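Here subunit A shows up in two complexes: once beside subunit B, once beside subunit C.
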Partner chain A sequence: MIEEDRHFTAELAVIGTGLAGFAASIFALKRNIKTAQIGNTGAVAYTTGYLDLLGSLSPDYPTSIEDPWQGIEQLKSSHPNHPLCRIRKTDICTAFEQFTSFLGECGIAYTPPGKSNLSVLTPAGTLKPTLCIPSTMKVGSTAFSQKEPCVIIDFKGLKGFSGRQVVANLKDKWPRLSSSRIEFPDMVTGEIYPEVMARSLEVPATREKLAKILVEAAGDVKIIGLPAILGMHAPDLVRQEMEQLTGLQIFEIPTMPPSVPGIRLREMFEQLFPQKGVILVPQQKVDKLEFIKNGAQLSLSDSFGPITIHSKSVILATGRFLSGGLKARIDGINEPLLNLPVTQPDSRREWYREKYTDYRGHAINSAGIEVDSSFRPLDTRGQPYSRNLFAAGVILAHQDWIRGRCGAGVAIATAYKAVEEVEKLLR
Partner chain B sequence: MINKGSGSGMTKTTIPTINFKEKAEELLPEGASFEACLTCGLCSSGCPASGIENMDPRKFIRMAMLGMDKELSTSKWVWACTQCKRCQHVCPMSIDVSQLVFLARSNWPQEKKPSGIVRSCQLIQSTDSTSAMGLPPEDFVFVVQDVLEEVRELQPKFKNMQAPMDKKGAHFFVNQNSREPMSEPDEMVPLWKIFDIVGADWTYSSKAWAAENFCMFSGNEEAWREVIKKRVDAVNELGCEIWLNTECGHSYYTMWNGINRFGMEADFKLESLVTYYARWIREGKLPVNSEWNSSNIKFTVQDPCMIVRKAYGESIAEDMRFVTKSLVGEENFIDMQPNRSANYCCGGGGGFLQAGMTEHRRTYGKRKFDQIAATGASYVLTPCHNCHSQMEDIGHHFGGSYGVVHFWTLICLSLGILGENERTYLGPDLLECI
Partner chain C sequence: MRQKTKEQTIETDVLVIGGGVTGAGIMRDLALRGLQTLLIDRKDLCAGASGGNHGLLHSGSRYISSDLHSAIECREESTILKHVASQCIEETGGLFIAVEGDDPGFAENFAALCEPAGIACDSISINEAKKLEPSLSDKLFRAYRVPDATVDPFRLALLNVAHAQIINNSSFRPHTEILLFTVKDGKIESATCRDNRTNTTLTIYAKQYINACGAWAMNIAQLAGCKDVSLLYSKGTLLVSHDRLTTHVINRLRPPGDGDILVPGGTVSILGTTSIRVDDLEAVRPTVAEIDINVREGTAMIPALAKARYIRAFSGVRPLLQSASGSDDREATRGFALLDHSTQNLSNFCTITGGKLTTYRLMAEKTCDLVAERLNNNEPCQTHITPLPDEESCKWTEPGASPKYWFKANDPEDMILCECEMVPQSAIDEIIKDAPGAEKEMTLTAIALRSRAGKGPCQGSFCGIRIASYLYDQSHYHDKTGLIHMRDFFNERFKGTRTVTWGLQAAQMELAEALHCGLLGLDNINDD
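Coming up: the complex of A and B.
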């Protein structure tokens, strides 16, 4: 069969479709940099939708911190190599502002970055600190802080979200919280998923049916919390209409993965980026990355055949183990695309502490690649691997994003910085 | 490739048991092992077949890992999965359940498989036409000639129109879904008119002209190979540069995938008509516009899995939207959610329409019905016959008020050349626009 080779050219190739990769493309769009983005389905679909900057100074200070900006200052003395310590705070703030305003312009409104963290609900009804949240979740944060009467609704057949559990975990802090279990309209019996309910709520008739059930479940209470199911691609409109139909204030709580807020983000990026001029090759991994004169050549294949991309610069945002940015092998951790040196414990025995839940964390979680002050990955000699290569996101060493509650912060801030450096190189 | 499992020596009506875990290791590419499954459930969460026959993609994988081979080998769910590959598309580990579903289907004894799919495959094999409706070559030639003569006679603008047959060296070898010559021959005419207007050098073939291929869906790999061989030979014989696939999704996929899978020598390119609609509009050869739609009738599109997610990806999805917007006006196009490669299968794919499992098929199609309803569009455009039939059926079943139209119909409507007998799928609102 005669096949045509597909070639694309770009000024920037972003490798990775997680938060860091998408953030990099957003910042590149803002700077009119012609961008191609490639990546296998990232972990974006697993996110709660919350955008953390810094929620804990673990292990030195394992409890939640209220002021992430002050937290970064403290981090500078305890962990000067932490990626967040290598970026100016004004840049971090701008990065969050640009990122959240882009999401808002594209139909998923977010709260802008504030001076302090918000205290928000997890699917289990515990609390966590975060910087920016989807607007659909905002009422919950306010209702909690003011201890307003509220009903948490859950659904028959929905696993992984229990109103009773949320209430049980919060009853000491939120006395007038109660729960109610209802049936989702027109859903056949059996397991139902938040994604299915969210898509169903894009149909006006379903919204009307659910509104009637919600009014009954709320009784005299005027605020209700739902698992995140308020539509997939226009959540703010769905929430607004549900509020109008019920006369109630409604907010969402993230659910266990697969969680709707994450799927919302991924579907939005995948739809809008091509429309905005990004050459997006989703669901694929780059097979080979070579640096040639004044740029790089990326080789990959999708279901239709081989693709070659020539780009003047590259941002490596391939994530950690789940996404394949790092690989754990019997003889150590490596970076599979370019075989960049990975800062890591001397031996496998030091990867983990004895107890998985040890608040001090595990050494393996701070492993990653090293970069210079321009976020260029370093080779074995400590020199930039290529002047055209930059890195962003949690592939970077010296951060433990889970314990530090800083995953989005590292992703967004380092993507901003890397794109800024790309622009310097290009212009 | 077909695994007989432990079936040898069993009675004909027993479904042999497959060792799925072992087979998965053979079939799946490196790094896509089922052991990599995180059990996150993104596959099941976004699969319209989840819950049917008490099964879903995640459960299928877990059961395979647990060695529950007998249960999986006999699960009717494999006939409700349309092999649309959405599960793989959303899976962070890129695990492809559809390959195991194909394996399971092929393992069912012929007499136990859904008879509608088996019959369609047998009919394809029964003539040189490769038609799933069994229309022999001479009948196809006759119908084409008969319809052409009538158009030339009754529509003066097209008195010289051609529908070439077996023209050696033509640029395009055009295939045809059997539904048109068999059941609604006037539906071929808009396509001929489009070729006439753009001056395309094209031909039908009396042999292997048909598009559909249910042998793949029946899990009959050998029959699938035979059908593709006939089609490849026919194109090679006529020396055409391009095998142009009409508005039919799976025909493209079975041919494209089959040629690669069976390592056949094909001296031609495979292209979709959608790509050419877009090209001809961009080049000004097909001077469509949306002025006819002054009443702002709203349209959406259904991305056929077989040509979008499973084959071309974004480029054809983009072409489809470009063509639609050109035809109906940008402001009258409402995209379905989700869309493009993330789109949901309508439930007409994988042979589901032919499988006789009507209740399951409609349960599956309810998601699509909701997605269409959410757009509020009056019409769905889709370049796929199975999508077309399924969306019509679920529309009637669930009380929808939308219509489903072919691209060729709307192109000719926009150009003011849609004949009276070519308006089957137009509702009163569109008829008023003529």
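Coming up: the complex of A and C.
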């Protein structure tokens, strides 16, 4: 293999390929900012496809909230440093609108952001409050709210998804819910995997075979829920065709991550971004980030050799521990790329509460980097690290995306804000 | 065993209180003598020190400087157990090593101290030691080889109970807690208990009552009005590494101290311990300070421990007999005590406490000798000669064994539920059907105790979800209690992970929380 040095130039380099990173690239595309994006694209595949804005007022209250917009108002008085409190609500709404409509244009339709949260199903038969969902899941949310008769279908050999479990946990709220087990066409022995099922449903013959089995399993009931397997690249078309073939209303429920709705997003981004002019370097980590006159230089390498990217601005969207944006060490938490100061508990003793599922959450989850009002990360003196550097997503301090059910909200809203600030810098 | 009025009353020859290895050993010993027992535990098998230790089958050399008597007992008992319970034991061998800073005098004298205890102790060269264990510190200056081994206390307890059940229908009831004893004419007439899961009470009538509650023995004795059990509690904390770092048990060649033993256990290693005097038995959990001490001290023996990936920590309480003196509880006697309570005017109650895992069989033997005599039973003890039979439903606790069984069975329909430890559906089926303590609706925590599920790097965060889903699917779980079992299982595993979550484990924890709380909402379910 011949190694070659490759150089790219861009107006914006987005580091990170989670929701925040992809959202930033989408918003940059909308603003005609020439963008390069680098990161190990694992994180998006771990999303369920649900885009929550704010589902709980943890640590103050344990219960789910219906109105995330009012929730943000409440957060403003109790947690003014929360990233969602530092962005105008109209901007948050625009961010969700632009993000979901972009996904729709690319073949994965979403419900637009509404006034209140939807109650959506989880694979365990619990309910999750969320703002926007893939269109393939919409019927389920409506059927639940109307308590219509419905059959949850599961498959022999597909572990971790049991229709009986969904029914057992929802039966008091949804009496006319039942379940049925079927065999997936041509996959009758051994373990089967959602990703393989989804790809096989892109073949018309498989759809026809499955349709026949589904009609039988549904009996008199007109609405059925399936684990998320309705195709990989055109789920809305697959669902539509399955509905036509069966005469039933069909919806999807996400399976345990990495699940098909997450993989759909990852594959769509990886396929379409280069076509739309984004320089996407997936599956790689930035080794070095240096700020030079009027911009930054990023160094990394892949199996073909070194890559250098010169960019006028940078958005750091590297996530938390799972994606490597933060590192937890025996003696403290650090930010490994630039060694930015991390706001964190004084000692490891305070990282976690005694009880895991304490609704108030753990202090380690609110650790993160500080930003100014333009979402520029701050250095140890409390000054912007560089006028060309911005940050977005869950690497930011003062939010607990897990307990707050606000991971997508923080990612999308802060990415929108950071890109807006990038544009101000560039123009 | 006769059960009257819907489990409200149970009659048995002997009631054994405390489901540690000693209680389980007593149950089998008595069964072999023809006596029927009911074993109860407030929680479950090995819930106390029996499940909170290194899993080290002591050759005895550890105790030669402080307690010659215990050293000899360990030598004798470890030899017996290697014969009668070989399926629970890995004969790893052990090394004692001295590193720069350790007392050269103590190190030189070690073999001479082992001799009177009859413990085989070979001096080996530094090169030889490094060849046996390449990860040993370069600052090593003295090394000996001893016949230490490792033992799986969970399997040991399960097999003892299973065998007793087979012999004469003796039985085990988990989560059954003693509330009070009714004493009449110098005898305990009955024990009133509460079933902690159903919150119902039951009364147990027995001819003899044995208190084998380990660290809790003083509390139980007091419930019976006995003031002659006096214990001190010494808490020890240990860490489990993701990888097995050595093949031998590695002991620091110095008087017992913090973080000076590293014991391999299947695919992992266990580092410990610390020793802290505690008063409250209910709040025994690892602390960050104890973890840091163990890692720092262990690193002197094995430098790789500084950078090792740890997946779990746990604590146990050593019950120490009050006569112990001295500043370090590890130097106190590790011998055991059998109290017949005759001075407390009770003729059918005894207490066995102190001791250690290695001597559990001997403790059971002495106890059963007393109880058998009191019941005019002349059968001799057989546990030192009768091998412990294997039992299908008890084999799942052995590290690294599940994949072996699974590959051998080669059944494509038998899906793996715990991917870290390769625990298949068939293991779960066997456990909920036949394992000692199996019940109509088993908790995930109880299933995990009887298998390797949740013991790998993800610490149950994925398999807890999959096993629950499987149990719903089998209609073993049928309503929201299944979610509560999931939540309680994750909370239980968290006790072990919260102090060792750094490095890769922080990423693991973030993913786990995102699934359990962010997606499934287990931080927001009601108990009602």
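Heads up, the rule we're going with is that the second predicted complex is superposed on the first by the 422 of 427 C-alpha atoms of A that agree within 3 Å, B and C clash if a C-alpha of one lies under 4 Å from a C-alpha of the other, contacts with A are read in each partner's own complex, and residues count from 1 in each chain.
In this section, contacts are C-beta pairs under 8 Å (C-beta built on N, C-alpha and C of every residue); 3 or more make two chains touch, one makes a residue touch a chain.
Please read all numbers here as calculations on a predicted model, not as lab measurements.
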{"item": "Three-chain arrangement built on subunit A, subunit B and subunit C clash or fit", "value": "fit"}
{"item": "First (subunit B), second (subunit C), both or neither touched by A:Pro257", "value": "both"}
{"item": "First, second, both or neither for A:Ala205, with subunit B first and subunit C second", "value": "first"}
{"item": "First, second, both or neither for A:Glu191, with subunit B first and subunit C second", "value": "both"}
{"item": "Partner chain(s) touched by A:Pro274 [first = subunit B, second = subunit C, both, neither]", "value": "first"}
{"item": "Partner chain(s) touched by A:Gly104 [first = subunit B, second = subunit C, both, neither]", "value": "neither"}
{"item": "Contacts of A:Gly114 with subunit B and subunit C, given as first, second, both or neither", "value": "neither"}
{"item": "First (subunit B), second (subunit C), both or neither touched by A:Arg320", "value": "second"}
{"item": "Once both complexes are placed on the shared chain, angle at subunit A toward subunit B and subunit C, C-alpha, multiple of 10 degrees", "value": "90"}
{"item": "Partner chain in contact with A:Pro149 - subunit B first, subunit C second, else both or neither", "value": "neither"}
{"item": "Partner chain(s) touched by A:Pro59 [first = subunit B, second = subunit C, both, neither]", "value": "neither"}
{"item": "Residue contacts on subunit A - larger count, subunit B or subunit C", "value": "C"}
{"item": "Minimal inter-chain CA distance - subunit C and subunit B, angstrom", "value": "5"}
{"item": "Footprint overlap on subunit A, comparing subunit B with subunit C", "value": "46, 190-191, 257, 322"}
{"item": "Subunit A to subunit B touching residues, read off their complex", "value": "1-4, 40-43, 45-46, 188, 190-191, 193-196, 199-200, 202-206, 232-233, 257-258, 263, 267, 270-271, 274, 280-283, 302-304, 322-323"}
{"item": "Touching residues (chain side subunit C, partner subunit A) in the complex", "value": "285, 287-289, 292, 295, 412-413, 415, 417, 462, 465-466, 468-470, 472-473, 475, 477-480, 482-483, 486-487, 490-491, 493-494, 498, 501-503, 506-507, 509-511, 513-525"}
{"item": "Residue ranges of subunit B in contact with subunit A within the complex", "value": "38, 40-42, 44-46, 50-51, 54, 56, 89-92, 94, 256, 259-260, 264, 266-270, 309-314, 318, 335, 337-342, 363, 367, 370-371, 373-374"}
{"item": "Complex contacts: residues of subunit A adjacent to subunit C", "value": "46, 48, 56, 58, 62-64, 122-124, 126-128, 157, 159-162, 164-165, 168-169, 171, 189-191, 256-257, 320-322, 324, 327-330, 347-349, 351-352, 354-359, 362, 364-365, 401-403, 405, 407"}
